[in-house]
Amino acid sequence: MYAVEVRDHIMVAHSLRGEVFGPAQRLHGATYVVDVAFFREALGADNIVVDIGRALDALKATLHAINYVNLDDHPALAGQLTTTEFLCRYVFDRMADAIREGKLGAHAVGIDRMRVTLNESHVARAWYEAAVAH
Amino acid sequence: MYAVEVRDHIMVAHSLRGEVFGPAQRLHGATYVVDVAFFREALGADNIVVDIGRALDALKATLHAINYVNLDDHPALAGQLTTTEFLCRYVFDRMADAIREGKLGAHAVGIDRMRVTLNESHVARAWYEAAVAH
Amino acid sequence: MYAVEVRDHIMVAHSLRGEVFGPAQRLHGATYVVDVAFFREALGADNIVVDIGRALDALKATLHAINYVNLDDHPALAGQLTTTEFLCRYVFDRMADAIREGKLGAHAVGIDRMRVTLNESHVARAWYEAAVAH
Amino acid sequence: MYAVEVRDHIMVAHSLRGEVFGPAQRLHGATYVVDVAFFREALGADNIVVDIGRALDALKATLHAINYVNLDDHPALAGQLTTTEFLCRYVFDRMADAIREGKLGAHAVGIDRMRVTLNESHVARAWYEAAVAH
Amino acid sequence: MYAVEVRDHIMVAHSLRGEVFGPAQRLHGATYVVDVAFFREALGADNIVVDIGRALDALKATLHAINYVNLDDHPALAGQLTTTEFLCRYVFDRMADAIREGKLGAHAVGIDRMRVTLNESHVARAWYEAAVAH
Amino acid sequence: MYAVEVRDHIMVAHSLRGEVFGPAQRLHGATYVVDVAFFREALGADNIVVDIGRALDALKATLHAINYVNLDDHPALAGQLTTTEFLCRYVFDRMADAIREGKLGAHAVGIDRMRVTLNESHVARAWYEAAVAH
């Protein structure tokens, strides 16, 4: 199994409803340093997993939609509990859409799986990994 | 598959019997920066893998028992060869106990797997990953 | 010159008024991984710069006041432009107060300078360094 | 599953033929910080996955052959497109050879899988993971 | 003293003439993760050291001129011994030019000093720090 | 001011006498990831601060004397309180000796200052910085 992973980041505000979140129920914020890993069984043309330039562009475009915002007020996230885990899945689904829409180029048709990691501090992070449907 | 990973650390002394360990046969020590990852197929209530506050508390309690000690003299480790690999498993088993004892709360019943990583320097680390029996 | 540096973190929301801030004028957030370095010319009793346990406790107490909050609504920061640079100074002043109030113990009387660094992402950070008045 | 991972690095020049590589078609270079992880289901004698000293030596020997060189002129890589992904596989195959040749010692017969990661910058890395044939 | 530091990177080939460089006399390459720190005694308008967006843009433009190239063939570096130390100074001088040309905006007139760090591997880095002439 | 910094590590046991050390009064241990920075005002011959290969060798030799040992039993450290701060100074003094003995080569005569940092965990480190007497 081959993989390539790229990194970008977002800075968001949000609040988390539910007793389990303690002080995070208040409006606060986070820097999420976001890693997206693309997996495939065999290398494609050009000996690559994915066009890394397009992967970085697609990640930037995906993150742009939720960067420098208060997620509590974001139309696409209305009523959602925007935990780090949830946001991993949100980025995963948008990146999978980008692959299907051809935004990562022809190489990306061979991508089997993807993993999205959100690093939220020096002591905590979360990720979501799954197969990519084509 | 979703995952959440949290970090803490311990500072221990020990010695490792066996020619394979070279100079590490002498009494020496290590800082282990410990990462514990919790995995589950689907998110539970509150869109989380685990209550991260309780996870950090359980990890601190687990590590407390072996922090600032000489492992060679530790009753629970008598006669054991306390390699980094062995200690990964030791922390894994204690954390699995903590889950079964309810110390990580109700969310933790959904945890499928766990991975315990001990980072011992900027050039070496070890981990143990396995299913969690409930 | 000797130094000891300790680390903790906060997760805050805020907005930054002023054209120079571009999208950061909107309500957003940040994880700040906070490093505080204590400097002194010569080591004191016990061969230490500062009691590291007390230093970590004082940092946690200082950060507690601004952790998991929207800085725009924080009474102590009313009307302030809470840039990363400003927040470095804010933490510096509170930590200097803690030293003068004896919260870092007797060793801390020898501290000459302090530096507070706020790491806001994998590509940006800020710090403030100055002498500590006793 | 247990794992041990060790780190070393190389500094190489190369160029990448193909439009997909954009400016990387020109002769340029990279520092690759190389991590090799060894996996096995159960610990062997001495409670270890592998003799970490021998693993580091074998990695250094493997990397020596391609360190401080222009990969475009390297006999073993003639006509190859030396992407990061390709180089992960190259290091993997050489390390698997080293295991089979006994260079990692008797413990290494129990190694099930291996993963080779090449970190090429603070925002990109690649890896190759597969079973090790004995 | 306040400071803000931003990060970007380049991937270059070069060779270093002179016995002291050992195998680095051969054509090889490096990823340099580049940090530029801007220092000033007091914060300017908007409570900032520098417009961080412009600083990142100026750094990208500076690095663009030497990114994905063989420094041995670069017109601006003809006959130079392009050690990491030398390249720190090269980036410093270009960034100081950018400040004087107004590319970092009006805030940048208050910048007293600058430090340019090139991280070349997980075990080595170099930097150059000096006053900025306006 | 130019600087070059190199990294290595040690794994030691020790205990710290004195109430201020709390649980660290017990025999425990630490991995110290050691960074040594060499400073000079102007570059010497070959556009370098120091011969980095010799610097790494001298650091390895210095650390060898205290690696994989119990510092409480080390003849050179008898009766000393081996805090992280103290050990920074110990490494500094040995490295300054190495410079004066010519072990870092002819380039090293130009070194003005040195800084030795011991990283002891992901949340704490110490350093000692001073002029180097020739």
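By written order: A, B, C, D, E and F. Residues from 1 in each chain.
Note that a residue touches a chain if its C-beta (ideal position, glycine included) is under 8 Å from a C-beta of that chain, and two chains touch if they have at least 3 such contacts.
Note that this is a predicted model, so its numbers are computed, not measured.
Separation of chain A from chain D in touch steps, taking the shortest path, is 1.
Note on interfaces A-B and B-F: more C-beta pairs are in contact across B-F.
Seen from the C-alpha centroid of chain C, the farthest chain centroid is that of D.
Per-chain CA centroids place chain C at a distance of 27 Å from chain E. Our note on geometry: chain A versus chain C, Cα centroid distance of 30 Å, whole angstroms.
Centre-to-centre, using mean CA coordinates, chain C is 41 Å away from chain D.
The set of chain B residues touching two or more other chains comprises 7, 122-123.
Remark: chain D residues 1-8, 43, 46-49, 51-53, 56, 105, 107 touch chain B in the complex. Chain contact summary for the complex, chain A toward chain B: residues 18, 20-22, 80-86, 88-89, 122-130.
Listing the residues of chain D that touch chain E in their complex gives 7, 9, 11-14, 23-24, 26-33, 67-70, 73, 120-123.
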